[in-house]
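Chain nomenclature is as follows: A, B, C and D, assigned in order of appearance, with residue numbering initiated at 1 for each chain independently.
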Amino acid sequence: MQPRRSRRLTTEVAGLKLQNPTMLASGILGTTSDMLRRTAQSGAGAVVTKSVGLEPREGYPNPTVIEVECGLLNAVGLPNPGIHSFAEEIRSLEGLEVPLIVSVYGFSPEEYAEVAAVAVQAGADAVELNLSCPHVKGAGSDVGRNPKLISEVVKRVKDAVDKPVFAKLTPNASDIVELGEAAVEAGADALTAINTVRAMTIDVETARPILANKIGGLSGRAIKPIAVRCVYELYRVLDVPIIGCGGISSWRDAVEFILAGASAVQIGTAVASKGLDVFRLVAEGIESYLERKGYGSVKEIVGLSHRG
Amino acid sequence: MQPRRSRRLTTEVAGLKLQNPTMLASGILGTTSDMLRRTAQSGAGAVVTKSVGLEPREGYPNPTVIEVECGLLNAVGLPNPGIHSFAEEIRSLEGLEVPLIVSVYGFSPEEYAEVAAVAVQAGADAVELNLSCPHVKGAGSDVGRNPKLISEVVKRVKDAVDKPVFAKLTPNASDIVELGEAAVEAGADALTAINTVRAMTIDVETARPILANKIGGLSGRAIKPIAVRCVYELYRVLDVPIIGCGGISSWRDAVEFILAGASAVQIGTAVASKGLDVFRLVAEGIESYLERKGYGSVKEIVGLSHRG
Amino acid sequence: MRIVEVKAVKDENPNVRTLFFADDLCSSAKAGQFVMVWIPGVDEIPLTLSSIGSQSMDGFSSVTVAEVGEATRALKSMETGELIGVRGPFGNHFETISRSGRALVVGGGIGMASLMPLIDRLTMEGVETTVLLGVKSRRDLLFTERLSELSSRGGINLLVTTEDGTYGAKGLVTELAENVISSERFEIIYSCGPEAMMHKIFKIAEEHRIPAQLSLERIIRCAIGICGSCVLGPYRVCKDGPIFTSDQLRTVRDFGKFKRGFDGRKTPI
Amino acid sequence: MRIVEVKAVKDENPNVRTLFFADDLCSSAKAGQFVMVWIPGVDEIPLTLSSIGSQSMDGFSSVTVAEVGEATRALKSMETGELIGVRGPFGNHFETISRSGRALVVGGGIGMASLMPLIDRLTMEGVETTVLLGVKSRRDLLFTERLSELSSRGGINLLVTTEDGTYGAKGLVTELAENVISSERFEIIYSCGPEAMMHKIFKIAEEHRIPAQLSLERIIRCAIGICGSCVLGPYRVCKDGPIFTSDQLRTVRDFGKFKRGFDGRKTPI
């Protein structure tokens, strides 16, 4: 069911027009054009694809995803068909009713730029740089924990594409603001915060780490207060739109991120418990909240918790 | 009720003999000799005091502690009476049946050393350096996110006292192993991992951060997979005993940390839900596990998840 | 933390206001339990529930606050429609006795707040109850309607003292208590008020070998028994208390003498 | 992840073993649902529940595994007393029809595993059920005792084909299905087996306008509908499936033609 459009919910992130401030987070179902279209039709204001690199990757063996007490652990290992194959999926999304953001990773700044260029050529409305996947050596957060590398990657990508570039940051850093600053100074149009938190779980009966990769990334409810803090810290200092992500499963969570400084929010893990309806439910909840509190637009409450 | 002693549970951390591998975490009830004694009598194998500095501190205004969905957020702000007043409490714990570890913080390496020296003089069996409190400017993790400062603090303290020195590390770092290495190279006898994770929560009805200090530290269930990962990473590389801490509330959690590489565990937040019995319950559960699995001593399973 | 709207306010006297709100958990609280009340942007402070939803006609619970500093001033000036945060209820509660017994309730000033739900309960259970209320002066009287209604219905025997004699007997409530206890037999004494007063009540109760239940105060931060700021001997006021029995207090050396400040140092009561 | 002990094993044929275990959640699973089975140190793979505790006499649930690679080899060599991890049950389930109808169940090889609890259910509900089982050769027969017991009790009408004719009719089960469907009237067709086989069954069902429910396979990682590795058109096999109706499959162009590898690229079926 397509959610009704609402003037209150309409917003903009780095030039992308969103019918509502919810987005599908990267790595969640964004592997094929069919699933991306279905997600858009379920009510997401924008969709982000699974992270794509230059070459095809099979990812790690199972177990790759495992539920823990308060969230989800994953070390999928960035499986993807490579951008040249994925360009097919992007092209077949022409006419998608919501912005299509292609998530991109690489093992070098050049790779990031090349992948981004192909993605934009194929029709991406924006690219999100995965500077934050915590479990692939040499990519993701191995790049994204280093401000200098962030800066290089963002610059290269900005040179290579003429669409908005989002930098997705890792919380596995002693200071996320430093990472955000590097991205913004290099030209990032928006920041996405956060990717998963490095974590693991060990089964006591077999005395073995459960994930095949042993260490993975924690998402879901557990990380929400960490993610809110990251958004809050970034908003305090930086002047670009921030896309909040981490443990959002209800309108209340989404509003918390928006008050912290997020212009839009991404939802990942909650799709498991709430289904694809989560986007519509969250958007409708935000709308009721705005109405009840007397706000005319979601834009009015972005960062409101910083006042007073 | 004093728990029964068990040969299986007896262990040692940096020369301290423990009747069982559970300890009271710093900042949990460890403000007075009476409460520390009660905790020891409830079954903790060792007790760590609230962190103490040179001068008295009132901490932050309320709200200082607030429950979130999967854990606890706190920004208490290191209230403490100062080591000279606290030395009184330490002295009146003479004859305590379990090791007394005094947690120490400072705004400079010299301060850490001075506080540690007074603590040991008053009777501390060991000191734990709080290099990790995430919400006091200039102390805790502001020191402990910097390997050079860690090294300086540990060296100074080691020079000042002749008792074991534990370095308590922060997870708010891009690489906790780097921090652990700095501590160990400087002479730390053991590492405690982890302190709380920087986090916050915002109330949507009032659009305000709830903690008076806005940002605080997340503890409890939410951080367990993060803490297990930290212990695992430290154990993989370093050769000192590790004390696991973060979200432990059952014997299963404790065993998970021990399998990851912890020689002992600290319990904090779970005291709220399980009461002071938690130490006895966890210790008894570890014992049943060891018995069921045919191990003669808890030492046999330390780091077992790294094999194979 | 639940955010609740102030549904009604009632000024008990110039310095004391009762704030009513609807909250499910508070509705099923027990007499003597407290909540942490967040005044957004100001502070969060412990306040006893002065009425409990399930026992009140409109289903509202309430806190009653006496202005002593910044947080209580802010709270006291709150009006219907404003929002506060509530955590809890926390702590243990007053244990009532069987209806054949007789109970003495001794309240000093704002301490009466924590005794009101207890008095409701005792009268409901048909326990013969004498209530002593001590305040400084006539203008400090509080819960006047609730108490006089109970009194006129014969639910309680109410005696009031003012230090200046402007209402009821002149003098300290502890003096009145001593008289009453000497002349009548009580199975139990309940009290809440300034600690010095309660210490005196405790002494009198001990002399007459009557068990007492006293509601104490210490600095509350977490309210869930972990931060250690509310300790009193081996007890946590927030979790093991706030109600302590004379059995417990007998061995607590600090009772009536020392409390701890925000930095944990002892200061005389 | 629950760790369970293998309580018993049963070799169905030289290549296929059933592992029994006790697990509450699996006990209340529905026919056609699958679990993720962790073979510690090796892999985690999706396997249909081949029996469901609540429907079996000893209360055990089971998975039945055919050796095709590393994980299935490791699992197939597991003995009583060893530990496996179980997540789930996941996915949707076969929908049964009213007892007045007649059902056709078509299984190809190990695909029979997911159909066994369905057959249990259909017979329990008194639905007249014809079961077609196709395997390569006599030595590949599986669930022999369970099927022959049902058959001899008259619960099902069982017909077997082998490609080499060493047991039952010689040929492909799809050929047999075509004959059976042409000569008898069925309200529904259920099937599980190699996708090429199921595609053929789907075609036959479409021709005869009989609704079908087919159990499909794709790469499963998360099993909870978020990772996107099991997608088939707009559906997730792990969450929207594994059972799909002909209504759904009619518009899925990849069905019977393409699947996606671990890297997400399409490969022909």
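By our rule, a contact is a pair of C-beta atoms (placed from the backbone, for glycine too) under 8 Å apart; a residue touches a chain by one contact, two chains touch by 3 or more.
Fair warning: this is a prediction, and the values are worked out from it, not measured in the lab.
In this assembly, D is the chain whose CA centroid lies farthest from the centroid of chain B.
Inter-chain centre distance (chain B to chain D, centres taken as mean C-alpha positions): 51 Å.
The distance from the centre of chain C to the centre of chain D, each centre being the mean of the chain's C-alpha atoms, comes to 67 Å. Each chain gets one centre point, the mean of its Cα atoms, and the points for chain B and chain C are 37 Å apart.
The set of chain C residues touching two or more other chains comprises 41. Contacts with at least two other chains are made by residues 208, 308 of chain B.
Interfaces, counted as pairs of touching chains, are A-B, A-D, B-C. Of all residues in chain A, only 27-32, 34-35, 37-38, 50, 56-59, 61-67, 74, 76, 79-82, 85-86, 203, 205-206, 208, 210, 212, 268-269, 271-272, 275 touch chain D in the complex they form. Touching chain B in their complex are the following residues of chain C: 1, 3, 36, 38, 40-41, 43-45, 83, 85, 87, 221-229, 231, 233-234, 236, 260-265. Residues of chain A touching chain B in their complex: 68-71, 73, 145, 172-175, 197-202, 204, 207-209, 214-215, 218, 221-226, 228-229, 232-233, 252, 255-256, 259-260, 289, 301, 304-305, 308.
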